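First chain A sits with chain B, and in the next complex the same chain sits with chain C.
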Partner chain A sequence: MRERRFALALFLPAFVLLVATTTLPLIYLLWSSSQRIDLTMPWMSGTAGLENYAKLGGDTRFWQSLKLTLIYTGTTVVLQVLIGLGLALLVLQVRAGQAILRIGAILPIVLAPVVAGLFWRSLVLAPDFGILDFVTRALGLGSYNWLGDPQLALVSVIAIHTWQWTPFAFLVLLASLAALPPDLYEAARLDRAGPWQRFRHITLPLIRPAIVIVVILRMVTALSAFAAIFAATGGGPGSATEILNLYAYRLSFTELNIGYGAAVAAVLLLITLSVAFFLFALRRAR
Partner chain B sequence: MRTAVLLAIAIVMLVVWIFPVAWGLLTSFKTERDVLAYPPEVIFEPTLVNYHDVFFGGASIVPNLISSLIISGLTTALTMLFAIPAAYALARLDLPWKRATGFWVLATQMLPPVGLVIPYFLLLRKVGWTDTYQGLVLVYLTFALPFAIWLLVSYFEEIPREMEEAALLDRAGRLRALWHVILPQAKGGIAVTVIFVFLNSWNEFLFAVVLGGNTVRPVTVAMFNFISLEQTQWGRLAAAAMVGMAPVIALGLLAQQHIVKGLTVGAVKGGGRR
Partner chain C sequence: MKVDGGRRRTLAALGAFAGAPWIARYAHAQDLGAYQSAKINWRQAEGESITVAVIPAGYFDALEKVTPEFEALTGVRVRYDKVPPGQIRQKAILDLTAKSGTYATHAADPMYYDLYVSNKWIDPIENYLGDAKLTDAAWYKADDIIPAWRGANSVGNRLYGVPFDGESTLQIYRKDLYDAKGLKPADTLDDVAKNAKAIHDPNNRVWGAALRGFKGAGQNMYIYPSIFRGFGGNWFSGGALRVNSQEGVAALEWYVNLLSQYAPPAVRNWNWPDLADAFSQSTLGLYIDANTSASVLNNPERSKVLGKIGYARWPRGPSGKRVSSIWNWGFPINAALSEKAKRATWLFISWATSAETQARTSWKASGAAKRLGLNRLSLWQSKEFAALAGNLGTNFLPASIESMRDDLDVEWRPKMPQWPAVGETMATAIQAALVGQQKPKEALDEAQGRIAQILKG
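The block that comes next holds the complex of A and B.
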């Protein structure tokens, strides 16, 4: 009993602070989403009930934005896991440069996403003086407006995100691969199992937990991605790279229609929490 | 032959990861004419004019660096003050509803920041805390605190129980056991947590751009503002980015060995084991 009281005394301050700083604002967000809060028309403010949510149904920009969120999250996560895993498997076999690669991998991760977006926008993707344009021109493929063309812009922001976070997948998977017991492979080699069979039947099942962790964390990061896209395209051209985060931001702080922005943010919140919950349940079931 | 191919792929990867930062470093020493040259120049006459601008010019980022330092420092200090006891309770003590509260702490860490920035915008305006240090630090706690709690729990759990029990037999008292036995043992973990919390606070952008202003403008926002000027000066932007990112790159290299753990901690704990 005394221990419980001691435990609570240590835990409660942080608990109360967390409730106050996260849970209460979220309740306020839900309440705001039921209000008409338009800073350009303050006289219109009042209760809206579920009006904001009803509006979502007929809002093509919202559906487009939802679709972009799914594309952005899906492709970046798949690319990161595939490239990260492939690279980790490769690097495991070259002992020499591992240390340097590990250090190099840290650079994109610690960079502020807003800087990643700015660097790519100015140094890599800018037409004419960006490096990528130089490469495609040198190869005779011509010059492109990488961030100005709607489709290329989407590919570009996906590339930026993949660039920044693949090192994360790489580092985690490399650590988990390096921890596998080597004698397992000896036995398999004696049984004349080929490289693919060894990977499929020994490596993959053993590193599955690490892959699931990577997928969960990468999905959460992708679903809250904001700064890199904001810096690179601002959601544009038009709304070509406007994932839900950007849409909720632009609604609330550019168009100042905060009530409706809150409704979009609430939808995003629901998606993130259910994805996280689903993946955790899946992981526990294993 | 096979090794050569593997090595080549590894080198290409390394170049891709390092390239934007390396090119940024190069660009920061270029005059505006050299930046816009085609084909891009690797050999040029380096200049310090961009750095001079960034430190002493009209758009100096020194105030922004100070802003970032105050916000990140305060956030880190407050976070550690609350997170250390809470993490110890979660790791070692008999806490009611431990699993549920643990999961809830984890879930708060996953919230998309745009869902928080909207209510905070309305709330801070009401109390007049937009563009203030206390306002931003309060909001930064929303991501720093849950992260720190989970990272510290994993370090506290690694400490052998015998150490603590020995201290308790000495009638040292729980709080003194925490102070004299646990904290020294977890020193490394606490240092890593401090580094990560500081790094995440330093890199934050969305909260800062919405809830900051002319008084409180961290360096991430200042860098972004460089491009909304009439004519973007890329050389100056690159120099600002180099100066602004130097602390986090240094911290990242310092915590290099621990970065995998720091990045995966939430999922490792929340998913399984108990």
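The block that comes next holds the complex of A and C.
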């Protein structure tokens, strides 16, 4: 009994803190989404019920940003896993200097996303002055307005996110590749399995749990991405890179329609939760 | 090195000996006379302390520098909170909605007064201006403050924020390039394109013209309204906001064409500092922006165009009107304050916006940075100011004065509480057109649809 009380005493402060900083704001968010709170029209305030959610149906900008969110999340996650896995397989062959490679790989991750966004915006992608523009001009490909053109801007923000977070996939996959038992490969080689067969039938199934974990974590990060895009394009040009998170922010804090902004944020929360649940279920199923 | 250090020490010693007592006297004794001639009791809110939110900018630094004089005059303590311009509106609104009274006053965007007033977050200024205990009307001369700025800060004919610093927009052009081609500064919008065409030479890194292209209510939606009004556009038709009128589309087409033909490609992401940099680096023939940029353009350390700058009023639009921006940073009074704190805040505002303090933060200021955006035309027309502003470039002072007298238009942007959402929607539409994501008409039609949805609630 005393031990349980002691355990409770240890657990309670953290629990209270967690509830106060995560659960309560979430409840407040859901409550706000059921209210008509538009600071620019205080005379309209009142209970909205599901009105804010019903409004989403006819809001083209919402659908546009939902589409962008899915494109952004899908492409960044696939790219991170593919590039991360490729790099990990490559580095596995390197015998000397692995430690340096690993440290180098961590560097982009430790940057604050807002710094990554600003760095790319002003040093890499700026027309005429940026490194990338310098390279494309030197190669005779011409100068591009990387963040000013709607399509290129979307490609650019995807590239920024992939650049920053691929090292994470790389490190996790490298660790699980390094832990694979060598005797399996020896047996396979005795059975004259080729490199592709060994990769397809031994490596991939064995590192599958690691890949799924990477996919889940990267998806959740990509869905909630904000700072890098905000710093690099502010959601623009026009609304070409305005993913749901930015749209919710813009609604709540620029347009001051707190109720509707909360509804958009709640939808994003729902999407993130269901994606995570689905993937975890997938992981358990096999 | 050694000699240098020695000299510095000697100077410091001299300063301590001679300078310090002089500065102390300057701040405390004789120099408050200009304020004490006002027939009010400056010490009526003694002991109060107030916090003022401003943006990090030279003109507010200048104010901060003379604030010890205010504290000596009134016994009110002032603390400044510097908030970047991108966040000051949100921080102020956060404070106002919470009614916490953190910011007694803040540097306010003129377009936000309708929102503030509809939520009853701020007090009408006339309560303070009309009270003889608080304001000596003959000394303060409120009517001297630029009328259109007061109009911009009014809701339903009542003033809600006192302009402290502001600007008008002017054509800023390269006089040397224009002279070489025998060009005159543009009189009409058509001339702007003609001049730009004559100067345009991107292979030698000179672009004909540029305007703010970055998305934002204070960026592209700072330039577009002037073009829109010049084309004869009216924001409201039959009491309802209408942004996709014929004039609106024509204005946006002009904006898109000028930038796509004669501006550097990156201009769609440029705000005023980027434009000022590009002009200082001698890569632009013309841009149209705040007259107060003149001090940046004349910075000898960074500018390659010293002595080559000319200024002219906004070009006329097809309607024959010249319409400048009407920007000013004003100070409102937070309604959530106690009575005494409100009085202290008013004393601060009337001190900061008085002719004397305006002068002390401008030509009378010590140091290199002397502010230009003074709030009274009488000051702009003074000899002392002319001496300060005379060497900023050809025609700076006449163009500034004429534009602030004749080109300011209170209907420049649609005044309404929903402005934050409307301004943002317009900024997005304008940028979509500028980058070619949508045709001007499409972009404005979509904006109109969205605005209808916003106004419905």
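By definition in this document, the second predicted complex is superposed on the first by the 283 of 286 C-alpha atoms of A that agree within 3 Å, B and C clash if a C-alpha of one lies under 4 Å from a C-alpha of the other, contacts with A are read in each partner's own complex, and residues count from 1 in each chain.
Heads up, the rule we're going with is that a contact is a pair of C-beta atoms (placed from the backbone, for glycine too) under 8 Å apart; a residue touches a chain by one contact, two chains touch by 3 or more.
Owing to the predicted nature of the structure, the values given are computational and were not obtained by experimental measurement.
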Contacts of A:L39 with chain B and chain C, given as first, second, both or neither: second
First, second, both or neither for A:A188, with chain B first and chain C second: neither
Partner chain in contact with A:S224 - chain B first, chain C second, else both or neither: first
Contacts of A:P150 with chain B and chain C, given as first, second, both or neither: second
Partner chain in contact with A:L206 - chain B first, chain C second, else both or neither: neither
More chain A residues in contact [chain B versus chain C]: B
First, second, both or neither for A:F253, with chain B first and chain C second: both
Which of chain B and chain C A:L180 touches, first, second, both or neither: neither
Which of chain B and chain C A:D128 touches, first, second, both or neither: both
Shared contact residues on chain A - chain B and chain C: 128, 253
Chain A contact footprint on chain B (complex, rising order): 3, 6-7, 9-11, 13-14, 16-21, 23-24, 27, 35-40, 82-83, 85-86, 88-90, 93-96, 101, 105, 107-108, 110-123, 138-139, 141-142, 145-146, 149, 174-175, 199, 202-206, 210, 220, 223-224, 227, 232, 234, 237-238, 241, 244-245, 248-249, 251-253, 256, 259-260, 263-264, 266-268, 270-272
Residues of chain A defined as touching chain C within the complex: 36, 38-44, 55, 58-61, 126-128, 143, 145, 147-150, 234, 236-240, 250, 253-257
Chain C to chain A touching residues, read off their complex: 90, 93, 97, 115, 118-119, 215-216, 264-266, 268-269, 417-421, 424-425, 428-429, 431-432, 434-438, 443, 446, 450, 453-454, 457
Chain B-touching residues of chain A, taken from the complex the two chains share: 3-4, 6-8, 10-11, 13-15, 17-18, 21-23, 25-26, 28-29, 32, 37, 87, 90-91, 93-94, 96-97, 100-116, 118-124, 128-129, 131, 134, 138, 163, 167-168, 171-172, 175, 209, 212-214, 216-217, 220, 223-224, 226-227, 230-231, 244-245, 248-249, 252-253, 258, 261-262, 265-266, 268-269, 272-273, 276, 280, 283-284
